[in-house]
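Note that the chains are named A, B, C and D in the order they appear, and that numbering of residues resets to 1 at the start of each chain.
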């Protein structure tokens, strides 16, 4: 038995939405100092709704798979809805990750938040779910 | 699909001849080596034969070989045993930043007992400078421990020079020889080591058996107490079949040493050439000359090592991001970090080790897979060289 | 001539099913359990299966089982690990005079670190009195260690009573279960043990592999440092084949436990009857009821045990004067001495242990040999009862 | 390979001169506290010469074998010659003993000395080789 279930492996081997959107209006990048992982997400936002999303990720299997499901899951969501997504949602959508790999999915949550944060800032929006969020602050990562 | 195994530094398969030598000692010749009857004596004889086989591989005398449960126990015993037995003489230990965790974590444990440990840097090529060893010596120094060959990047350390320095200063010298054994022509006398750790599962023997060479006359404390086995220095019913297998593996390693080295080195070099010619933006970690014959540690820029591993695994190819025991712990290699490699290159590094069962055809298949996987992962990567994002700016 | 083996307490042959289970993990499924690829995961899975097999045999949870290099390491770890981790709470350890050397010599080593050890007596039957354990407790007591079953005389100790006393007093309780495993129905919860040592080669598994049960929540210091194996509590590349074999042996032991106990006990009792009816002036050491099913420890008055052993060995019969690890050291049994046996009776004692491959026919042959040998040695002995010399007068 | 060579095994399995001489005029017993061994030797001495010898021994293989060769070796020797025999002579005659078992042969040397000592005492003899010998004194045994 490998580390990952079939769904994770599917998203890892055939990641959805790879690349950078040409017509993106919200880009977020996030790096996790513990795993050495890095994710860039580019969103296209229209009328408060995420109509398209693409990603690039430097990271292990679970980082790539959660990036992939994350881009799928944000599409069609309002910004408020997208901000409510946590890494646990991605893990659940993937049907679970090994305990030691749960943290890798945080990357996607944070990258999405960062993209929306920048978009909100540029557009003068005040969104619930972004209080206290600062993508430039040190990211406190629980080591297990 | 039979896997293509390129992780001989992590562990090796047991050779059929080795297994054949072991088999009778499971079910028939199973006597306790301490027992006073025929099958007990036969077990004892088998152990003594194995001891002489291991001794012969490193130019030691039989009685200088003490069997342990592996390389980890050998490292622990050497360092803890030496430190505790010499604590009245001093409390200072010198080692390097690129030792195996079996050594480093043991040193950390000794620090809690009041010992002071100097962890020496290595140069960009992953090699320790003997002059630094010399400079680190104080009047409190009781032990120097420098590995023979590194497990991640395969670099060979200047053991004889360090041995001479240790001797000049009357300091005990231990070397972790786990990776070097069977891959380098080792002679403990000319290397000037007082103690050397070994492990069977790196030389086509079974897992869970190793040995510590302790030069005759050198006294260190025991770390396991009980029966009088191993000349009263290592208690516990002997791992009879493990010892027999280790002995046989050592015999084979000695007999084939030069051929093994040449064959494995040629394959490794061929592999590197092929990769170099077909994938751009790669580089080698560690000195290519002063190196274990089978080791190749490469940076695949912009690509994360673990994702690469996983893609290789899907194709039945076995490689490693570093030492096996830390693969599962996902922390950046302390060896590559000690060489001054920036973090994103550490995370882009992969170790391949070729061994006795590797074929050119295997390597060709692996190269083809690598070409495909690396390009796929680079497409996925935010670090592509054409891409605007700079890694160093984001990785904190 | 196939030997007749009556020394199952010293070690057991590996059962064919156990060996069969191990074989693939030597040459094919040889991956390092920490490696991140198919054959590495397969090894990891094999280890976890074995862990659950061992756990099931003693009523533990899987994660409470930690593999070690044998019973000796398990004993060392339990006692040293517990003592060092609790040295701020107290420095007193309670154990017995009849423990295995793996326990006793470890305690001696701890005495040098400043711990104080009480070694309790046993009664004439070789059994520890729980009241004595209770009385020995001081406010400094941090550990009680009493073996489940003794290896020389096979006596079963009142573990549950002692466990209850330990619990009442909030003291950690360890038991050396090496001899009891697979011979007694063990349930670690009802026994109230916090830690228990085990060894595979006593239950038809391979030598050089054992385990320590550590109740969940109990924290003790590690004694071997390095990689993060065994949930970071026991470093070192896992003895993969050993663990697989231990698991299989544990599974078989659990499945056959009641039959094994009955069969072995019946044979042992038959053997004793036959000896009693054909040789005079013999007696049994240790309680016959509270005893391992296969153990028989006899005094053959006027006859020296080692000479008897040697004559048996000539006839291909394997027995022991006591624990295997001290057989070769020729010192009088500390267990029999602790029972108050006079020295000449200690020297006239012999241990037979029957096991799964023992047959009635074997035992008949052994009895016939014993009749002959004992009479021959008694002729030779200055201690014959008709002879004027009194042993006690001369043995100083 | 066993512990003992063929000659030792021969003397162990077929010990020579077992028993107690009916017409003995010198009996010595000696016990080794370390090994728990015990030997009794009975000698028949005529005109300062040992004409017959028998033994009984409680002890391990090497104790029995050395007792056996010892009784063979003392026969025909003068008392002075017999007193010169050391355990090493018995070991040599046996073709060697394992290191840990050498000490068991001391038993025979001491038992012979004891028998001759008693004989000398009873008969008022003053023999070289018995100076300082006292069978009732504590026997200092080297533990190896």
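Note that in this section a residue touches a chain if its C-beta (ideal position, glycine included) is under 8 Å from a C-beta of that chain, and two chains touch if they have at least 3 such contacts.
What you are looking at is a predicted structure, and each value in this text was computed from that prediction instead of being measured.
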Return the distance between the CA-based centres of subunit A and subunit D, expressed in whole Å.
-> 91
Taking each chain's mean CA coordinate, subunit A and subunit C are separated, in whole Å, by 56
Chain centres from averaged Cα atoms put subunit A and subunit B apart, in whole Å, by 39
Going by residue number, subunit A touches two or more other chains at 2
Going through subunit C residue by residue, note those that touch at least 2 other chains and give them in order.
-> 36, 38, 306, 310, 313, 328
Classify the inter-chain contact topology: is it line, ring, star, complete, or other?
-> other
Which chains touch, pair by pair?
-> A-B, A-C, B-C, B-D, C-D
For subunit A, which residues count as touching subunit B in their complex?
-> 2, 4, 9, 12-13, 15, 18-19, 29, 31, 33, 35-40, 56-61, 63-64, 100, 138
Where on subunit A is subunit C touching in the complex?
-> 1-3
Would you pull the subunit C residues touching subunit D in the complex into a rising list?
-> 302-304, 306-307, 310-311, 313-314, 328, 330, 332, 343-344, 346-347, 379-383, 387, 389, 391, 394-396
For the subunit B and subunit C complex, residues of the former touching the latter = 3, 5, 7, 10-16, 19, 23, 26-28, 30-32, 34-40, 69-73, 75-76, 100-103, 105-106, 108-109, 199, 201, 206-209, 222-229, 235-242, 306, 309-310, 312-313, 316-321, 323-329
Spell out the residues on subunit C that touch subunit A in their complex, using ranges where they run on.
-> 36, 38, 41-42, 45
